[in-house]
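Notes follow the structure.
For clarity, chains are labelled A, B, C and D in written order, and residue numbers in each chain start from 1.
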Amino acid sequence: MMIVLNVNASPQETADVVARVEGLGLAAHVSRGSERTVIGVVGDGRAVDREAFRLLPGVDRIVPITRPFKLASREFHPHDTVFPLDGVSVGGRGLIIIAGPCAVESRSLLLETACAVREAGAHALRGGAFKPRTSPYTFQGLGEEGLELLAEARQLTGLPIVTEVMDGEQVPAVARVADVLQVGARNMQNYALLHAVGASQHPVLLKRGMSATVEELLMSAEYILSHGNQRVVLCERGIRTFETSTRNTTDINAIPVLKAQTHLPVLLDPSHSTGNWEFVAAIALAGVAVGVDGLMIEVHPNPAAALSDGLQSLKPERFAEMVTRIRAVAEAVGRGLAPLPNAQKGGARG
Amino acid sequence: MMIVLNVNASPQETADVVARVEGLGLAAHVSRGSERTVIGVVGDGRAVDREAFRLLPGVDRIVPITRPFKLASREFHPHDTVFPLDGVSVGGRGLIIIAGPCAVESRSLLLETACAVREAGAHALRGGAFKPRTSPYTFQGLGEEGLELLAEARQLTGLPIVTEVMDGEQVPAVARVADVLQVGARNMQNYALLHAVGASQHPVLLKRGMSATVEELLMSAEYILSHGNQRVVLCERGIRTFETSTRNTTDINAIPVLKAQTHLPVLLDPSHSTGNWEFVAAIALAGVAVGVDGLMIEVHPNPAAALSDGLQSLKPERFAEMVTRIRAVAEAVGRGLAPLPNAQKGGARG
Amino acid sequence: MMIVLNVNASPQETADVVARVEGLGLAAHVSRGSERTVIGVVGDGRAVDREAFRLLPGVDRIVPITRPFKLASREFHPHDTVFPLDGVSVGGRGLIIIAGPCAVESRSLLLETACAVREAGAHALRGGAFKPRTSPYTFQGLGEEGLELLAEARQLTGLPIVTEVMDGEQVPAVARVADVLQVGARNMQNYALLHAVGASQHPVLLKRGMSATVEELLMSAEYILSHGNQRVVLCERGIRTFETSTRNTTDINAIPVLKAQTHLPVLLDPSHSTGNWEFVAAIALAGVAVGVDGLMIEVHPNPAAALSDGLQSLKPERFAEMVTRIRAVAEAVGRGLAPLPNAQKGGARG
Amino acid sequence: MMIVLNVNASPQETADVVARVEGLGLAAHVSRGSERTVIGVVGDGRAVDREAFRLLPGVDRIVPITRPFKLASREFHPHDTVFPLDGVSVGGRGLIIIAGPCAVESRSLLLETACAVREAGAHALRGGAFKPRTSPYTFQGLGEEGLELLAEARQLTGLPIVTEVMDGEQVPAVARVADVLQVGARNMQNYALLHAVGASQHPVLLKRGMSATVEELLMSAEYILSHGNQRVVLCERGIRTFETSTRNTTDINAIPVLKAQTHLPVLLDPSHSTGNWEFVAAIALAGVAVGVDGLMIEVHPNPAAALSDGLQSLKPERFAEMVTRIRAVAEAVGRGLAPLPNAQKGGARG
């Protein structure tokens, strides 16, 4: 970190700051500018409280130099993280598509949707058993029963399951069924939950909070990685801005920024990032063109009857058509869709 | 809700929307404008999924009319919620001041701070035993040990304790010590936690999420209230905007907006809403002038050595001076500080 | 518009609101809900001040139904606006590329860049003679001299010129040289300027303000269109949000939203919307995939020596490579680049 | 500025950056950290393009150290700027109140309002003759005729006039009538206008743009100050955020931040910063408590009939009552209202 002194900082104040730095076992490099003096602190300052220095007499502000994340950083881990998910490669040259209903609503609807998305080429099935809802008066998910339906859908289609876990206590139950534990946007900084999914050693899909910076997303990933759990996938799902013509603002810039800063796979969820099915396909294609490693899409056979997020769900036939367009754009940028495992091509995996 | 049709919606489309409304047991009022037709839906639509109507052919958009919260609403509960906290009236004409360190760091520091804030006139002691931190590499709180120190501080000073609970599982342990359970900004939409603190029947201090709207804050309160737990206090703590000259942007407008929309007491936390001790007193006074029911202030005997949030912590002497100024402004707007209970005036309660 | 009454509005208050509506020559439809009464106002209310109704006793809020723009609206003008620019079709199936330096810095640099972008396939040359700069201490543009250099570049390459006009008084001088008058983001609501470029009957490229909503952008276009000037092109250039890892946040959602709401051509400026050359190509491709009608790109032969916006400028060779990738993605989504006029293919137009 | 190198920057890259710095006549201090090297640049870098360094091989990012404004900075001009306005001291211990209608609508309304606000204790009269309106279909102001009415109101009441100028060309005409030229939020970065009002040597009230940072506001002030025009007053009027329960979000933090960073007087406009008369008085009091040097308030005798901004306008009697409360809070924080000049106390100034 660099400690920027006030224009009028005295020599004594400067000396006191240096002494404080050295007292922590770090080195101080003093650089006198035309207007201000700047003190560079040398050593790993990740565990040092920067604010404390800000309070010393004569200090104007603190400028962090070291990025606060390390395990998630591409600077220290230059190669892409790639891992297999039920025979499908996540984070590699081929894109993966995770699709399914927002919520598990009923057995018939889930199985119908699961078959349809598999038919259309999806690599995994999404569906919420536990649903975070803004209002206590709306459908909150089927809970345990929903998990059992997901297990049945897995059995039927061979598709790995991605489903949300909302609380540390739920992790064991959800992990029995889920191939990937999803941490939702509202829980991106629920640290008890981050520790629990990290410790589970299960693959984790971590969604960006609606007002989280890219750096904060990577810091939350760092919590999971700090448990030695390397199988973490990040997901951009739109941020909150002043614009209200869509539910959220897709932060499309975040995709190449994340790809530059981290080795972890990066997905886009255009269903949430737009909140409107009319724009989902266009934004999905934008994501493919910009370099995502996969997409997460809400699909529902009858969106107007959906118990949640109907407005942003695609009908299966539109989803299938979109997959064709995704493949075309992926190829135009030198990538493609991840190959499906043989078992899945031929029928249900066991 | 009002259903606004497209400029070119056909008579059949209009009839279909009306049929759908009536099929839900609600009434439809059709109003034909010069450009568009609007269909008013009559009946309690809080549990109806508005988005589903948006998907019907001929529909342009949906306009909610009923507010989504009811238990928290002043329209349905016009009188202010006022409740006693260890002899101090919360939500009444007198303001309350909750003060203490960001985190419980050590026995001596906590007790020193507790005595100092009590001396200066605080009504309750704050201090975090479980700390949500952006980085896994920084101090995470003393946990259970911190709770015991809080209990000791309560014993010593008679001050009721306000402390954060981060996870549903922690509620019983925290509730044994805390007089008020704090739900932090990052957990405002952690619904498992909201249910747990609601069910506890303990007083709850609910902080606004850093990108939560006023309406979303009230919806989160609604989760707690739906358990029959009426003792909920709201707390503005700054929102995230494009401005970076302070850590957060104090949404001072939110105070009178909340006071108009809800009967629940509303506090301001100027320590977090500014992130800088130099501005805490000024913003605290602004809060008093605008009509808050109380303040939550971080105080630390040696901010430069604090393990978290040192930059935004006041030294005890500055805090005491600020209380004097708060009293003056409170009186200028026709209020004052809440009277301290007799026991507390004379010595330790309990 | 719909006038939503308070829960407790009296019959007299309701009658007074109705009388007020009818007094303006509009019709009122009263719809009584289970909690509230809503009054629909029938007639063209674009010139009515909605806020005035908000102030009547018993009124809770006003909900606009009619969109405030009409000339820019696709609802009233369903067909795409397409117009020729020096033989190139703007707004049609083929995308256009406008490229060049941020600012006109010198004769040699401008001519070198102009030839390079033409060679790479650009349809028009951009370059600022008048530069809006945050700081009065940085380069402010060459002014009139810059305009003359642009005229020379046009002569040499045959490329039409797109350049910014910052003030109503400058319009005649800039219009003598420019084929398209650019209104910059900071001036999107400079109404004196909007009137001046509208009255000029010159094609206008209108950039979205950094905190302007899509609706406000269309309202600013409406100012220009109200002068009978139909040749207006909109340009998304990034909005201001809390995220700081890029200079602005590309609002990629705004592209399909604009295409749905308006018949005007929509461009994307990925140079400004990212502020970093490393991300320009990726975001340009995202724009093509999502459906833009063209791109605006900053190109500089020596970005590290540029007098402004060097960080976001591409070198000519990278730009040429990007054009190839743009063509591939445009074709993958069923479009392509706009054909160049014959003259331009063969040599300078004249 | 500090130049932060990549983790893997080579010695040659480091040397090249140093050479570049020295080539500009500046000194370079190299500080090698445990992970990265940082190069401090010594000398006045305000005119140096920081981005250019960002593009050199091996450079990760640039950290500005020197603030980009100087004339507006309190560091270089520690004493408050105080200047007289028609016998009233602006920027001193006493607060000033500028009040009047949003727009000049008619002679009778303006004169009635002017007398009312003077009676209630206002120090100056506001009123727009030229109005920036989002929609071309709404009232755009009376223009020149409005200026003449303002002159008459000045004659009648002796109150100095604050009115908006929207375009450089209008400056001479507006300056003939206005005592203070107002630059509106939408024009905060209209540099042609900033130069024009700077050159006029007239007092200027500069409103913060709705998405401008505090630093950008000070940079716009710097444009005016660079003409030797010292009489500049800043005005916070709310910023644009995700929150929609009020028209804008009052950035109350910006007041003490500005007072710390600049010597210029700082006002608050609670009418625009809330957009709702119900909250104007509360936010005005907050502004007084936090330390503003004055307030700007919209007053209208019949808000429900106002041609613009009726919703946020106070009736004269509410305004008068608010002035009483403002005085009480101002005294509680050790200030007061600025004394009125003798002439004004007794009757019209001439």
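In this text, a residue touches a chain if its C-beta (ideal position, glycine included) is under 8 Å from a C-beta of that chain, and two chains touch if they have at least 3 such contacts.
This is a predicted model, so every value here is computed, not measured.
Across the two interfaces under comparison, A-C and B-C, the one joined by more C-beta contacts turns out to be A-C. Each chain gets a centre from the mean of its Cα atoms; the one farthest from the centre of chain B is C.
Inter-chain spacing, taken between the CA centroids of chain C and chain D, is 27 Å. Chain C has its Cα centroid 32 Å from the Cα centroid of chain A.
Chain B and chain C, compared by their mean Cα positions, are separated by 40 Å. Counting partners per residue, chain C has 211, 240-242, 244 as the residues that reach two or more other chains.
Remark: chain A residues 211, 213-215, 239, 241-246, 249-257, 260, 273-274, 278-279, 282-283, 285-291, 325, 328-329, 331-333 touch chain C in the complex.
Taken in their complex, chain A has these residues touching chain D: 2, 4, 6-8, 29, 31-36, 38, 40-44, 63, 65-66, 75-76, 211, 240-242, 244. Contact residues of chain D toward chain C in the complex are 46-47, 49, 51-56, 68-69, 132-138, 140, 166-170, 186-187, 189-193, 209-211, 216, 219, 222-223, 226, 240, 277, 303-312.
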